[in-house]
Each structure stands twice: as C-alpha cells, then as structure tokens.
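Can you read through this structure? Questions will come right after.
Order of writing sets the labels: A, B, C and D. Residues in every chain begin at 1.
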Amino acid sequence: MTIELSMFKNIGIIAKQGDPRVIGCLQALVAYLHQRQLDIMVDATGAKLLSDQNVKIATNTEVLGGCDLVIVVGGDGTLLHAARLLAKYDVSLLGINLGKLGFLTDICPTEMEPHLNAILNGIFLEEERFLIHAEVYREDECLSYASALNDMVIHRWSISHLLTFKTTINGHFVNWQRSDGIVIATPTGSTAYALSAGGPIIHPSMNALVLVPICPHTLSSRPLVVDGDSCIEITIDTGQTGQAQLNGDGILSQHLIPGDRVVIEKRQYIRLIHPQGHDHYATLRAKLDWGKAL
Amino acid sequence: MTIELSMFKNIGIIAKQGDPRVIGCLQALVAYLHQRQLDIMVDATGAKLLSDQNVKIATNTEVLGGCDLVIVVGGDGTLLHAARLLAKYDVSLLGINLGKLGFLTDICPTEMEPHLNAILNGIFLEEERFLIHAEVYREDECLSYASALNDMVIHRWSISHLLTFKTTINGHFVNWQRSDGIVIATPTGSTAYALSAGGPIIHPSMNALVLVPICPHTLSSRPLVVDGDSCIEITIDTGQTGQAQLNGDGILSQHLIPGDRVVIEKRQYIRLIHPQGHDHYATLRAKLDWGKAL
Amino acid sequence: MTIELSMFKNIGIIAKQGDPRVIGCLQALVAYLHQRQLDIMVDATGAKLLSDQNVKIATNTEVLGGCDLVIVVGGDGTLLHAARLLAKYDVSLLGINLGKLGFLTDICPTEMEPHLNAILNGIFLEEERFLIHAEVYREDECLSYASALNDMVIHRWSISHLLTFKTTINGHFVNWQRSDGIVIATPTGSTAYALSAGGPIIHPSMNALVLVPICPHTLSSRPLVVDGDSCIEITIDTGQTGQAQLNGDGILSQHLIPGDRVVIEKRQYIRLIHPQGHDHYATLRAKLDWGKAL
Amino acid sequence: MTIELSMFKNIGIIAKQGDPRVIGCLQALVAYLHQRQLDIMVDATGAKLLSDQNVKIATNTEVLGGCDLVIVVGGDGTLLHAARLLAKYDVSLLGINLGKLGFLTDICPTEMEPHLNAILNGIFLEEERFLIHAEVYREDECLSYASALNDMVIHRWSISHLLTFKTTINGHFVNWQRSDGIVIATPTGSTAYALSAGGPIIHPSMNALVLVPICPHTLSSRPLVVDGDSCIEITIDTGQTGQAQLNGDGILSQHLIPGDRVVIEKRQYIRLIHPQGHDHYATLRAKLDWGKAL
C-alpha cells in the first residue's frame, strides 16, 4: 500500500469540551491520521478523551500554533475558540462537526475520511477569514482587549434602561443611539447573532464590517456596512445609568461603565480549509432552509 | 366670578422623581387647582418640591387611591408607575408631560389650564387601559408577582448564551424558542419596547396581547397577537445555562433560573382621561414622524 | 355493517382546477361518501375529472350553498375561492390538501378516511372565520366590490413610482403613506402575504384586522392592528402618477386611479371544520419550521 | 475685482423637468457662472426655462459629456438621470437641490454661491460612484440593456402570483425564491428603494452590491451583500405565470417573461463633487432622523 505524502506534516487537534459525542469522532480521526503516519498533537481536552491512545499532548498554544494544520472537532463555537487562540500563528484550520452542519465546521463525521484523504493530498479550498480586535479605554487607559472571529457585541446588562452610546467610524461621528446595544460583525459573523438582530448576510470573501443596532429606539436605525479596514469607536454615554458589557464571540470581555470607549478594528487572519467543492451558498441554503417552500 | 363645579372633587398629584423641570409645572398646577377650590393631595415627591405651599401630603397609596382624579406630572414612565400603584383603586388618571409629548402623558404644560378647565367641567374622553400581571413559579411555589401597564419582558441576563424557553398559550404549546428573550405587551405597551423589538402597533382599544421574540435564532419567529384574555406561560429550559430576568414595565421583578415558569394574564384596569379631541393616530404621527417625508 | 348516520347529509365538493393530483384524492373521496350513502354534489371542475362516476353536478353556486358541508380538495387557494363563493350561504367548509399541509386545508389525503369518519359522526372542531369586503368609489359612485378571506391588497401596478395614499380608520385620519402599497388582512390572512410584508401573526379567533405597509418609504411605518369591526378607507392621492390595483385574495378586483377610495370592512363568515385535536400552533410550527433549530 | 481661475472651464447644466421651482435656482446659477466668465452649456429642459438669457444649448449628450463639470439642478432623481446619461464620459457631477436635502444633491440653493466659489477654486471633495449595467437575455439573444446608479429591480407586474426566480452569483447557484421581486442595489442605491425593502445601508466608498428580496415567501430570505465585481444573474422560472419587469433606477427597462435571464454587473463610474466638509453620516442623520429622539 502506498501512503501519499501529505502536504500537512504536523497535525494539531482541538476538541470541543464537555460533549461526549466528540469521543467517537476523535478516535476515528486519530486512527486515520496514525495510519497516514502523521505527527499528531492533541489539546488537553482531546487528550483526556483519548487517554488510552498514543498521542502527544499540546501542553501550550504555541505547540498547536507550530502545526501545519489544526483540525477542530466540534461545532462552530469550538472553531471560533480555536481561531481566537491561533490567529497569531501561521496555521490552517479545518472543522469537523458532530453531525450538524456548521457555517465553519462543514465536514460531517460520516464523510471525514474521504475528505481528509483529498485535503491531505493537497486537494482543497483555502480561504482567509479576518478577526476583529477590541480595546476598551477608560480615561485614556486601555483596560482590556479581546479578539473575535464572529462579532463584538456591546449589550446593556441591567435591563431597566436602554443603552445610550455614540458611534464614530474613522473619527467621523455617526450617531447617538438608544438601544439594547450594537453588534459589530465580520462577514463570518454576519450569519450568527448579527443575523438575529436584523443584519444582512455578507459574503465571507468581503472586506467589510457590519454594525447592527439591537432593538433600537429610533426605528430608522438600520444595519450599516462599512469597509473592513474601518476603525469603529463606541462610547458609552456619561449620563448612562445601568451597565453594559463587551462580548467577543459571545464571551464576556469587559464590563463597561459610562464614558468607556471601545475601539474595534480588523486584526489578524486565519486560513480556513474546506473540501474541494465547498460552496458557501449551499451552506446558507441548508442552514436557512432556503428553497424549502418551493 | 363663577367657579364651575368640578366633577372631580378630590385631586391627587403624582410627580416625577429627580427631574427639576417638574417644579414649575407642579406649582402652576397646584395654583390652578387651589383657585378652583379643589381638595389636593400630593405624593411625597411632589410635596417635597412644593415645600412652601399649602398642600396635603398623601402619606400612603390608599389616600391617592381615594381621589376622584390623579394627575401625573412627568413622562410616560411616571404614568406607568402611577398606573401600577393605583390599578386596584377606582381612580382616573390624567397625564401632564414636561414639554415632550408622551403616548400616555398627552397634555403639554403650556396647554394645561384650558385643558384642565374643560376636563374638570366634565368635557373629556375616558378610556380603559388594562394591566397585565405576572407570577413566577419555582417548583409550584409562587416566588413573586408583578404588574405592568406596558409589558412583561423576559430577557437573558448574562450575555454569553441565548435564552431557551417554551411558550404555551391557554395550555396549548406554541414553541421552544432560542432568543434574547420575549416581550409580552399590552396594546398600551405595543408602542414601547415591543415596537423596537419588531412588534406591530396595536390600537389601545383592543383586547389583545402581543408576544414579540427578541432577536430570535429562528428567523421565522414572528410577533404573535392573541386574545387579551389569554393565559401565557413561559418556561425557562431546564438545560439553560446563564440567567434570565423578568421585568415589568422595565423594572426588575425577578431573577429567573432554569425551570422557572412565568404566568402572565390580564388583570385590573386604569381609566385614562384625555382632553376632548384626543386622537391616538395624531400621537402616533407625532411620535413616529409619520408623513414627515411627504 | 352498520352505517352511522352522518350529521351532514348533503355533501358538496369543490376541486382545485388544473392540478392532475386532485383526481386520485377526489375518486377516493367520492367512493368513501358513496359508501356512507350520502348525497354528493360536485362542482364543474370536479365533475369533469370524475366523468365516469355517478355524481351529481352542481350547476350553480346556489346548489353548493344548499349543502350541509362542502369539502374542498386542493390547496389553501382553492379553499379561499370556496369561501368567497359560499360566504353568503349557511354552509360548513372542510379542506383536504394534496399532500402539503395548508393553513386552511389541514387534512392530508392519507388521513382522509379516519378524519372523515369522525367528522361525519359529529366529532370535529368548528370555527368561524370572517371575510372582508371592499368597495371602490370613484367620485362617490361605487365602481366595484370584492370579498376576501385572507386580504385586500392595494399595490402599485406600474413600477416607476411609489404609491401615495391616505388611510383613515373609522373616519380618523391615520397617515399619508408612500410605499409599494398596503395589505389589509384578516387573522386568517395574517399568515399569508401580510407575513411576507412584515406583519404579525394574529390568532384566527381574534376579531382584528391588520394594516401592513409594503416597503414603506418612511421607515417608522409599521403594521397596525385594529378592531375587526373597523371601517378602513384608503384614498389614492390625486397627485399620484402611475396606477394601482386592488386585489382580493390575490385576484385582481379593480384598477385604481388617483382619487379612488377603497372602503374595507368585515362582512360575512364561513364555518371551518377541523378534525378533533386540530391545533393552530401545530400548523404554525410545521409551516414556519419553528423549533427546527433546537 | 480679481476673478479666480476656475479648474472647471466648461460647465454643463442639467435641470429637473416639470418643476417650476427650478427656474429661480437656475437663473441664480447662470448669473453666477456668467459673472465667473465661464462657458455654460444648458440642457434642453434648462434652456427652455431660461429662454431670455444668453446661454448655449447642449443639443446632444456628447456636448454635455465634453464639459469639465455638469451641475444638476433638481432632486436625486435628476442626478440619477444625469449619471446614467454621462457615465461614459469623463465628467464630474455636482448636485444642487431645490430646498430638500438629497443623498446625491447635497447643496441647498441658499448656500449655492459660497459652495460654488470654493468648488470652482478647487476646494472640494470628489468621490467615485459606480453604476450597474443589466442585460436581458431571451433564449441567448440579448433583448435590451440598461444602466443604473441606484438599483436594478425585478418586480412582478401582475399582482396575482408571487414571482419565482433563480439567483446565481458568479455562476454559483444561490437559491430559488418566491417573492414580489428583488432589488440589486449599489452602495449609492442602498439608501433608496433597497432600504424600504429591508436592506442595510452600505457606505458609498464600498465596492459592494446588495441583493434585497422584496416581501419573500420564505421568511429566512435576507439581504445578501456581495463583492461589487460579482456577476449576478436572475432567471425567471419557466413555470412562472404572470409577468415581471426590469427597472433601472425606477424606470421600466424591459418586460420579462418566463425563462428570461437578467445579467447584472458593475460598469462605468461617475465622479461626484461635494463641498469640502461633506459628510455622508451627516446626510444619513438628517434624512433618517437619527438622534432626533435623544
């Protein structure tokens, strides 16, 4: 039997936490990669699930960052986590889902082997997806920062009042807004929370950001699509009562108080690997039930 | 000079808290009512602002509830507060705003005297507005309850996950929903937060409730208008992580945990007094800028 | 074998036109009703499809109107047609679909026999659904009128300009609007075109109408729910260029010119028969894919 | 008196048709340009209004296309017309409105002279706005074509049925859709009809197109933002009954029948001149009443 030479030599694996369905997929994946005689490096979550198998454990992020390809086993949330973790390294990401098609994890476990065969043999699609970075300033001091592949969300936290905030883009005043908050989403994130809040779908190849107001008081407030290289600044009104939160990809990054400024910009990329023939519109049709009624 | 006999003998006054603009309007109101030789009973907030004038202080809600007419000086929020306070008494409410037209407080300070003249002489419109009542059950024990003239809102509180909950109406299962939450609004509340969340405008004369999903994950989730006498029950998914809140008219009523049930029903009415010629559509046109573009 | 006495003695049948899938269902239906020894009266469309069978042909609407029960074989469109035809008679309607669940035609062909058994034996749900009636006035002369179970739609016909029109409700001016047009829908119609135009879902038991602007120029124009007994009047702006149409249930009723007035009011009812256990929310869940994502 | 040398030597003028308010503005404009001793060339509409003044008449489009600057006096519609007319020439456009701020005609008559002073002295902002071009194919023959600065709209024409059509982007199948039609808008057009149909606002500097479904039957159909260099193809379903229209900037371009294909692509640019300090967000705030409620 001839083993094809893979263009990816060192394979990292990141597994979804706390989901027992991962184990079977992970075992099959590791067995397959062993058979291909590739170096495998598994994150702590995955290693725990594979305790009895002969795998190396990635003791820190840097080790995974040194891999040629990192395979994510889980849902879109796990791939978002991997992307934030590895964005600063030169690594490609591939997502295997747990049976339910994801926007980012588009390989089903049942089709894993033929797809991996092709991909490891160099037949695949590769696309760049950019992340956004947020910095929170309080009186000119940077309090904290965060990265996100999908979105940064500024949301009121205590319910009793709408949030009042100012938006500027590249230093140009856009508006004062009273709402539940605002989503600043990448094209990748345009099919996530931004869509629920009323935003458009943005093709992932675009260099664009979308600002989507959440339940705005002014009914003419609408989603706004701007250049991906824009610098977006949200300032919480100093007269604001109640509190706000900044969340990156749905994870709490910072509690915000009146006067806080959040500065959001594109920073870093990941490379996403898809099987040959991958089609974003097919994923949209499947996930959004388009055409079902016809 | 002949003083007309007022059909309202005992006048209560409720003033907005913490807004210095109230004072001038309050003084003019009290001076006018004194001149009409009517009994005046002012709530604690108003009494403090009128310290030097000869007014009786309403030491408890019951005293205000015993008035024929309670005049609210402030914004819609103050009238909501007054309505919840007085719904169990047989009292009429009249709203005087602080310069900005409200949906409920529709008399401007500058037009106060002629309008009051007419109203006290028996020339006015009267309409009933119903309140809704919510009870929170945890394992069949009623934890707390609340009333609202506008809306009950169940909203996720921690940001990281959507809220998962079940809705039933009169015992009929409607759906499981993942969203930021849900608004259950009266017709009165249909022009408040429910409108920002995408709900329709419901004429205040209708016996209806509207359920408006907030940023629902399923894009075909839509506002649902049901009979005002419906019993609506929202149950937080037992698998839910993160927390939720129940708010009545924007005021925190109860923190909710997985398994909690919120039962919402119509209960109690207030009578709202308007000047003759009051027109709900005129208020909508003014507040929503309808027709501005033509 | 004992034949149960049916509470419906004379059964009318209305069949969808131009759909070959009707034949099989129609033949099975007629065979079943013959077996139950009931009088059957088939409309012209159905009779043509059943040429070889022993059925009486309903030569005019009055004959169908004299039946106790009219069974509609087709989709919701066929039932809308039957409802408009028979609203002035005292007749009950039952809808059998052609394999795809409808909001109105909720019996699947495969479940036809057991459902008919129960219904003919008197076990069923019955609900009233009201129709709306539109009259078009040109200089105080009534040009034409139409009925609809779902909706009246006033829509621009030539594309180049938005339509400008005035809305009044019970003589009260609502607004001037520039838009593609307006839908005035019954609760029955709230899940049809009105839903696509952004309207809410209204429970069919409600006595309500909803006015839904179609692509309005003013972004704060929103669906408006009013009492079912309201008289709604739409007047085309005399300065309007281009043309408009009035459509009842999607069927052209009248071309409209500047100055034309359309007066819309509730008129007439039909009785809709459902199998025991019918649940409007179950139909909503099935048709709108609610809960699919969970 | 020193006359500054203008960087624009030959000035064309295009006037709105059929609006008497144009005359005053036009006369003031011509007087001003005469005083600046510039060559003026007026289109037929403008020339008729200025019959008594000493102006040259542009007898054909080519003459206007040869100007350095064409000043449009009217509303956004007049500027759209001028843009389509002159896109193939190397000419700059400047818009003077008739008192109502436009997105494209952003100079008010009252501020005309100081703004023109600065602009003619070389102090101004210039931006490119791209047009889209549509070709209609029937059985592989190109029937007709059209250009638009705002949008191409495919809209059903007879009302009784939704339109069924297929969308592809760069040859990739997107979906089959049933709806009232679809808007394909440039960033310039994103604040026009596309906005009424539910589309996002796209910054005019972006190289993007947005596809906005009009009242789609499938509620998960949503606006889709794609690269400005995409080739969009809409094919009318061969089973479609009823008719459709293609409109460019709201002007009828072609009646469409089942099987027709409309191919839409970016083509040609215009240069839009704005006064120094022009701010797109200020225009949005003014036109959409943002911030009014605060």
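For this structure, a couple of remarks:
Criterion: a contact is a pair of C-beta atoms (placed from the backbone, for glycine too) under 8 Å apart; a residue touches a chain by one contact, two chains touch by 3 or more.
Values in this document were obtained by computation on a predicted structure and should not be read as measured data.
Averaging Cα atoms per chain gives one point for each, and the point farthest from that of chain C is the centre of A.
Interface comparison, B-D versus A-D: the higher count of C-beta contacts falls to A-D. Mean C-alpha positions place chain A and chain B at a centre distance of 41 Å. Put simply, the C-alpha centre of chain A and that of chain D have 37 angstrom between them.
If you average the CA atoms of chain B and of chain D, the two centres end up 46 Å from each other.
Listed for chain C are residues 195, 217, 219-220, 222, 288-289, 292, each touching two or more other chains. The touching residues of chain D, when paired with chain C in their complex, are 153, 155, 157-161, 179-180, 193, 195-198, 214-217, 219, 245, 247, 250-252, 288.
Every residue of chain C that touches chain B in the complex is listed here, in rising order: 164, 169, 172-178, 190, 195, 199-203, 205-206, 208, 210, 217-218, 220-227, 279, 281, 284-285, 288-294. Across the complex, chain D is touched by residues 219-220, 222, 289, 292 of chain B.
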